[in-house]
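Two complexes follow with chain A in common, the first pairing it with chain B and the second with chain C.
Up next is the complex of A and B:
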């Protein structure tokens, strides 16, 4: 078993490295608070803006909250939200793409034109617009990001279904008396998983980044709940006066997580043609 | 109660006869660049023949003559545009999707090219067991046993059941494809170019296997071939197609030893054979090796542009010849064969 695992890793160094980064950050976010038992919300104005010391390894922010505790708690929120966004958007998007690819005709045309309409907006702008319309908050931000990811999945899924459906072994399955539902689940879907997994892992990175971006502009997670994006915003105003630690630590973790996700996505691609790997355009990093 | 088809004794009680009546399939071509309607491409037109139960009927013809389209129409994978296929008391062309699915238990097709018709993600055992699962035959344990038995029937080691198609040779893959079709114990097996994707040395093995199975299982074959040497080896009757229509039909020996239609003559002459002078075959095949366009077909006989018999008889240029019975059991679509009797 270890031998097989070793061979698996050897063939996918990039993906494994990316996965390791993600695992380390997740471990830091969930295991960390068990060791570092400090309330991320407890305010202490006497100890505000302290630089990193052994009492506060990541320093404290403008109202004296411990940055390390906040970064860890924010990690939990960001990772969970990103996974939820990826999963929900994936199920909806793949469902639409599958239906369009299998049905064809009017249903395909209508759904794909709607997807085109969503794609007409840059994803970040779309997510921004939806969460503005729904009102600031974690849920509406997550919903907006979820909707903005649907087109990525739907387009890719449709083209994958069209590709696989035309392969001769699908016809052979029909000739052996397979029911249409069985042909879809046994012969078509399994051949789309790989590409969809690549897409999903790049969406995780996109979701974290966009959630942070929305938090950064004040639309996503609201204060005082810790979230990397909002922490970067609040840290921004102190960078010039020398209190760099408030924004840099969450920024570094965000950067590492996104890089990890993208490494997984690229690494899983491996021998897959480049054209299949074009994921969502990466949203600009908050300055 | 689940029925175990493998245990059915091979009593050589063969299935019903297959009758193809006036079958046509037309495709719409690409829209012309500037204007006009999409051209109609007739892959097959007005094909009729009868396949006797228990026999091996070969459909021969060159690339593009419509052999595969014909096979796909008979197997229900392509909807013909006109005509019908009757198999015993079932009109196959009138079946609904689900009725067709249920009919596939008795009528199987082995598609061309075993390199692409096996799902690369599945193991050999899963591939061969799939038809059984589709028809809910037996318990998973029974199926395992049937798969082993069928693999042995087609000459594969049952231990190969765990392998993926990628690990197999071409001949082994074709045997897997064959096992997948045979595991249901069909009455009619359509084979689309069963050996053309294989090495010549493997071709002979697979052909022998097909003949053995035919004797042992008592089923009917409909074989699509382009290689007359293969047709000679396995078929007992032949349908010769040219440009989507039947030009000659009859017992295989008679056609191959005494071809009547000028196209069949050319085919036979071009087919290499030990001890035969090579030059006449080459010369005959060399003349106009291009099939007439399926879109712009000549008026009259479709074979006229390549025909060596015609001396410009008006009938050849105006009337599409119908199949005429020139000898008992032999039908030919030519105004001129046998030579001289141009009685359209």
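Up next is the complex of A and C:
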């Protein structure tokens, strides 16, 4: 079993490295607070804006909160939210794509037009609009990002279903009288998982990044709850007066996490360039 | 060909129509009460009633949608209470700053990606390839606002090479006479070298920050297509006719490899639009992106709505332009009008 695992890892060095990065950051966020027992919310104006020392390894912010504790607690929130966004958006998007790919006809046309209309907005802007409408807060930001991820899955799932459906073994299953539901679950869906897993892992990176971006704009997670994006925002006003540590650490973790997710997506996808979620539009084919 | 263009136009029109419905649904129907959203939590019930009537929220939905669409087409984008100007005026005055920044970001990204891709594929060196691929990974994975922050710390605060976040020009430098609305171009047109240098120094950091993500995307795309092209027989033929490997790659490989990158142009514009929201406020760049961030914070509803619609229009138009460009660039797509003369 170990040998198989070793071969699996050796063949996918990039993906393994990416997964390791994600695991390390997750471990830092969840195990860290057990070791570093400092309340991320406790304010102490006397020790505000202290540079990194052994008492505060990442320094303190403008109201004296420990940046290390805040970074760890923010990591939990960001990772959980990103996973939830990826899962919910994935289920809805794949459902739409599957239905469109299987049914065809008017239903396919209508749903794909709707998906196209969602794709007409830059994803961040769509998420921003939805969270403006729902009011600032973690839930509405997460909801906005979730909706903006649906098209990524739906289009890919539809094209995958169309691809797999045309393969001979599906035809064989149909000819030998397999029930449609069984054909879908046993023959079509398993062949879409790899591509969907690649898509999902790049969506995790997108979700973390967008959640931080909305937090940066002031729409996502609200103060005083620590979140990487909002922490970078509050660090912004202190950077030019020399207190770099408030914004640097959360951003570095964010960068590492997103790179980890992209490495996983990339490593699983082989050498084809990751299609940055929506993928490059297909070039028109010469007639 | 006319038919292809026609069907593309109709497709784009349908997409834009549904997108406008989406904006209407998101920004007018989703909020519990748009009037409350506009006036804020402290407004009196009477004022809310009045605002609801003014917005036409007591009308049937289709009337509301029609009024909203007609009003938007006529440039009635609402009033920006924060700045005391109509939203249209505010967007129009700020647009040149964003366009100039976006232009240079795209320029840096494209030039950088072409150079990096050629170096990566042509040099046949693992080290070079790895360096550029890591840079692309950072570009795609980094929050642009954080990269901007790091750039400021390093180049403005620590090294003092470039100015800090103070906008388009330094203190005491007058903007050049307006011709193109791009400060760098205007300064050159009117021969003001000092102003040009100052404007360029001010836009260097924000443009590089904004261009990093498009660079990452474009580099990966170009590297991939250049690798495919470099295996093609026609490059071997070119070398057989006496060109060196580099000459063949640069003269014949790069133009061919650039073709697939054209499809990415729409996506790059979307990246730039979204990125400008995040980058401009870091550098205090007086563009539309900064306006959007300020409006979100001040709950200025009209600005956000206008921006969302405009970015969708820009995205869809860009994709249409790309389709048209494809026909221009790729002769195979130009079907002969008549077979026999």
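Throughout what follows, the second predicted complex is superposed on the first by the 270 of 287 C-alpha atoms of A that agree within 3 Å, B and C clash if a C-alpha of one lies under 4 Å from a C-alpha of the other, contacts with A are read in each partner's own complex, and residues count from 1 in each chain.
Please note the rule applied: a contact is a pair of C-beta atoms (placed from the backbone, for glycine too) under 8 Å apart; a residue touches a chain by one contact, two chains touch by 3 or more.
These numbers were taken from a predicted model, which means no experiment stands behind them.
Novice: Touching A:173, do we find chain B (first), chain C (second), both, or neither?
Specialist: The first partner, chain B, only.
Novice: Can A:182 be said to touch chain B (first), chain C (second), both, or neither?
Specialist: The first partner, chain B, only.
Novice: Using the superposition on chain A described above, determine whether A:67 touches chain B (first), chain C (second), both, or neither.
Specialist: neither
Novice: Per the contact definition in the header, classify A:190: touching chain B only (first), chain C only (second), both, or neither.
Specialist: The answer is first: A:190 touches chain B but not chain C.
Novice: Specify the partner with more touching residues on chain A, choosing between chain B and chain C.
Specialist: So, of the two partners, C touches more residues of chain A.
Novice: Scan A:218 for contacts with chain B and chain C and give back first, second, both or neither.
Specialist: second
Novice: Tell me which partner A:156 touches in the superposition: chain B (first), chain C (second), both or neither.
Specialist: neither
Novice: Have a look at where A:145 lands relative to chain B and chain C in the superposition and call it first, second, both or neither.
Specialist: It touches nothing on chain B or chain C.
Novice: So in the complex, the part of chain A that touches chain B is made up of which residues?
Specialist: 167-169, 171-179, 182, 186-187, 190-191
Novice: Give the list of chain C residues in touch with chain A in this complex.
Specialist: The touching residues are 14-16, 18-19, 21-23, 26-27, 30-31, 37, 137-138, 140-143, 145-146, 149-150, 152-153, 156-157, 164-165, 217, 220-221, 223-224, 259-260, 262-264, 266-267, 270-271, 273-274, 277-278, 282, 292-293, 296-297, 301, 304-305, 307-308, 311-312, 315-316, 319, 322-323, 326, 330, 332-333, 335.
Novice: Within their complex, state which residues of chain A touch chain C.
Specialist: Touching chain C: residues 113-114, 116-118, 120-126, 128-130, 132-135, 205, 209, 212-213, 216-219, 229, 232-233, 235-236, 239-240, 242, 244, 247-248, 251, 254-255, 258-259, 261-263, 271-274, 276, 278, 280-284, 286-287 of chain A.
Novice: Flag every residue of chain B that touches chain A in the complex, lowest number first.
Specialist: 75, 77, 101-102, 104-105, 108-109, 111-113, 116-121, 130-131, 134-135, 177, 180-181, 184
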